[in-house]
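Notes follow once the structure below has been shown.
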Amino acid sequence: MKNIYEALVEIMGERGVSNRPEEIWFYGRDPGVLPPHPPDYVVAPETTEQVQKVVQLANREKIPVVPMGNGMALTGLVIPLKGGIVMDMKRMNKILEVNEMARYVVVEGGTSQGMLKAHLRDHYPRLRHSLPDAPPTTTIAANVSLHGQGCLTQQYGFNSDMVSGLEVVLPTGELCKIGSPSLGPYWFSKGPSLPDLSGLFLGWLGTTGIFTKVGLKLYPNKKIREMEIFVTDKAELVPEIIYKLTHLEMLEDLIAWFQPKPLMFKDNYHLTIYFTGDSEKEIEFKRTMIWDALQEFIDNKDGGFMNVQAMKPNLMENPQRGIAAFADVPRGGGFEYSGPITLIELYPQFAAKVVELAEKYDVIYSSAARVISGGHSMMFSISFAFNRADPAMMERVKKALDEATEYALKMGGIPWKPNYMEQKMTMDHMDPNTLKLLRMIKKNLDPHGIMNPGNWEPAP
Amino acid sequence: MGSLKFDENVCATCPSADCLIKCQYMDFEEDEAHNEMMKIVKGLDSRVLHDCVTCYACEEYCRRGNHPFYLIGERREEKGIYTASRAITNQWINLTQMQGKPMVGTVKDKALSSCFIPDLGALGSGELFKEVFPAVTFGAEFMCPAVHTHFAKMSVVKERLPKVMENFKKLGVKEVICLHDECYGTYTSIAQAYGMEVPFKPVYYMDFLLTRLKELKDRIIPLNIKAAYQRPCSNRLIPHKHRLVQEIMDYIGVDMPGRKYQGENSLCCAEIIRSVAGYKLADDIQGRNIDDMLEAGAEYCVFNCPACQSSLSEKVSKKGLKPVHIIDLCKMAVGEKGREG
Amino acid sequence: MEYARQIEHADIVHRCFRCGYCKFPEDYVDFNCPSYKAFGWDTFSPGGRMWLIRAWLNKELETSPHFSRILYSCVACGNCKDQCVYPRFKDYLLNVFEEAKAELVNEGRIPPEVRDYFKAVSVNGNPYKQPQEERGQWADGLGLKEFTDQEYLFYVGCVGSYDEVGQRMARSVGQLLSETGVSIGILGKEETCDGHEVKVLGETGLFTALAEENIMKFKKKGIEKIITLDPHALNVFRKDYPKLRGNFEVFHYTEILSQLIRNNQIPLSNYQAKVTYHDPCYLGRHNLILEPPREVLKGLPGIELVEMRRKGLSAFCCGGGGGNFFTDMVGSGENNPARIRIKEALDTGAEIVAVACPQCAKMLDDAIKSEGQEDWLEVLDLSELVNRVRSK
């Protein structure tokens, strides 16, 4: 493989390639529970041309290529299951264009969520993007490639729905623009009114190409952001509460969560309701509407709004630092979650399942369900924290997560950013013709199966 | 577990029924007030059991030494009448559960109680508390359980209060300086009402503060500001201590212009009312209260209770008033703190 | 028996989630970890280091020159500990890195640049391999007295004693303090290395020897108060010397200058200039001295302070911390932190970058040359700036 290294150096320069044990060790794992697998090389491109050349080389030599952002999907999607080249995209982090009037931004394939947030705040304070709950180092391209969500998902759908154009290096090395940028200079549409080819890449977890540019829709950044938390002790009321709240068409974000610790959260279900406005008047009007929408639950003593003053500074952070902090609950640096997309009406069943799994496997749980697109579905996270120094605990978490995915599929849900085993479970449940279509697309796009192999890989 | 010492005859022979007549959140004719109270005394249902917003004020209005508010709480609990939702009620019970994680400083004869309120730890510091600051106690183990009276969970109060007092006793303290108004109210009013012996001498922090201010007389530079005082619900349990606010303000050069809602007529901060009776009443109370402060010409809104401060700070700030705890105001007067509040 | 690697804080190493908050400043505007910025591999980020150290302690990874470079290119700026989202262990991140370096020293597997540094300090008492007799030459002609019974010891450190830029700064500060009536004495050729970099680079034995010698010397001379030129010295005097029973009242010269300016003890005229200020890590992040330097600047008539995008606790390090000033493990290419910082300074439109650390001064001075910006930007230490504004 020495000539491959030299070929990579020729493309990337010394600074852009490593096969040293330290990088090989590090880039062979992620913070979740899946076992590592080492790559043969790690590359960190700075230009689209370098990405293309590496992919062309890999395609020619039939070497796996695994694109990587910050590697925080937690489900092993950047673990090179079959070795090969891990491509760390984070050096390609330029913000190329903001079209303020058309409300979109074009970024390079390794641009982080945090940098885009800072850029918009500094230069376009009237605009914002849908920041995920993941740390700010995570990249926009990785987020949309796995149908990520963010703080505007309740209003506008998955973050991948907000893509307004793509530039992709195909598995064979060609550079391909998707949507309006394929016809002209503007990045306002990923598909309509053309056939929406973005579907060949979004949600494919890097198995059909590498994003070198992403166009992303931006949204109004209102002057004031506020929140309330409604609490109930009956899981079966949560769907109706969500229904009433989403009926208002006024919310920015809506998250239903429960966790056993700290003790004050025990036995209750919490709905964090975010709303925005350009004036106090608008905020107070919305707050009033929200309170009124849930008055019947208050009157029946089934729920109430809790005092949020103490929690507000943390919950108003965007992204919330406290979410990553869950990893240290068992003093051990890890958590992972199964996040099926499912119907909101199934909330009580899923909630019961979380507790059942936590008890069965003796693990610490937390759950947060984000409402998607005004209430058509939710992402229901089943999160378990673990101690990285305790392999037995990690194994228990892994089993609990596997069982959670099985349950989600049985309930008609769709696993979110599934690991390779969950993908297999999903494909086993899939309509055969759908699976055939998936296989056909993949085979045609990636004839040698070099792109993130082991993922979305149907049995022949 | 103690039981409420309540003298039915005191109510039966009450000439005024002030406890309900003076209530700011329910309207009664004089006869009606007396009748409703007697229904409660006899264990019958009353609209009071459904409409009371738990402001504690009837404890002050009753001049005959009975405990109408505690009785209302007892009766509500007996009948399973929740004040707030089950979820919020239980949240408070869980939040304040003893978990074996108290923080105890170097305690000898005296303890400086921060209750279970982190903000009090910072307040009870500096020159004013120099001697007692190392003796700080903090945590659910040292928290007065009076908050559960808002949720008519008198059983929780009765169960936990002896444990809290026992925890102090185990420290071997003779005096507990209560930084939380409600702690002092609990040890001097609730404990007495339930026949519980308090194994230490509770000291009200404002008494302590005034003594310290006198000791630091030479350092005091009068603040020359106008302030409105937000009287907390728990102060209704210890109305005789209310005068200390004026004495402290006089001592540090703070003018408290007359207000409609002061003294007995003070309005609740409304945070609990938001949970118990909904946002409309809470907003109305807060709106009237803040408008009254502004009409009186106040520049600062002075708090005694951190919970009131948390509830109202943002709202008074938006109206141009500077929120400040009375301890911080004293720190400003002795030059330990800037004037921002 | 096989050698078992050990560090004091081994029990927290596995608790890093490597979420990456540590790479950023508070508002995420750009990567704020100098070595990650310079090398561009996750292994060079704080999270990467934590994970690699765990693998190395577990013997999943062996010591290698590359591993050493990863550890030694950490500039110890402290951004990671400020930004880490894990309050229960964030304060010990730098300890872990320092302890791992100390373990490399124990193994005798350190980069040649680091080895040379230790050797020079050990043999010469300074990393410049200069004679001890010449240590006080920076003060020639200034009339500064040797310390006898003055109120303060003015401690200049190795950079201030031997480096050209450092000497210029030491002379300027010394002269200013002396002329404004601050009672200072110096140690001159009796001064020895404070050991800060030695400690950060992991040579704990040498550090202890240097520190104990200094403590003994200070005590013998009756020194109670110290003004340091270098924030690195301030840091080690304040944080590490007390553990060796060296308790002194330690100030940075900018704290004294701000008092002098506040009390109108320095007659000032007017000097029109747009100035930006670079926070030294050991002054700002490590010791929270953020306002005094700014008070100095704001108190100078004609000076307009224009802040860089990253400032205060979110300031970007010049790259000289953690001993890199001497060992240069970060490298000098386009992604060199000092060059990035200079570009950031240029963005403000300032003509002067004000500094408060001789190491930053040198790093940024060199970076201006590398960027070819000598005609547009100059580096001045705060005292030099004050001297320009002083009424003569």
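Some notes on this structure:
Note that the chains are named A, B and C in the order they appear, and that numbering of residues resets to 1 at the start of each chain.
Everything that follows uses one rule, which is that contacts are C-beta pairs under 8 Å (C-beta built on N, C-alpha and C of every residue); 3 or more make two chains touch, one makes a residue touch a chain.
All of these numbers come straight from a predicted model, not from anything done at the bench.
If touching chains are joined by edges, the resulting network of the protein chains shown is an open path.
Of all chains, C has its CA centroid at the greatest distance from the CA centroid of subunit B. Contact tally for A-B versus A-C: the pair with more C-beta pairs in contact is A-C.
Taking the mean of each chain's C-alpha atoms, the chain closest to the overall C-alpha centroid is A. Separating the CA-averaged centres of subunit B and subunit C is a span of 51 Å. Taking each chain's centre as the average of its CA atoms, subunit A and subunit B sit 47 Å apart. Work out the mean CA point of subunit A and of subunit C, and you get 40 Å between them.
Note for the complex: subunit A touches subunit C at residues 15, 18, 20-23, 25-27, 31, 42, 44, 70-72, 88, 90-91, 112, 114-115, 117-119, 121-122, 135-138, 321-322, 324-325, 327-328, 331-335, 387-389. By the touch criterion given at the top, residues 231-233, 262-269, 280, 287-288, 291, 295, 297-298, 301-307, 309-310 of subunit A touch subunit B in their complex.
Interface residues of subunit C facing subunit A in the complex, by the touch rule stated above, are 14-21, 23-24, 27-30, 39-43, 48, 51-52, 55, 60-62, 64, 66-67, 70, 85-89, 309.
Taken together, the subunit B residues at the contact with subunit A in this complex read 82, 84-88, 90-91, 94-95, 97, 99, 271, 274-275, 278-279, 310-311, 314, 318.
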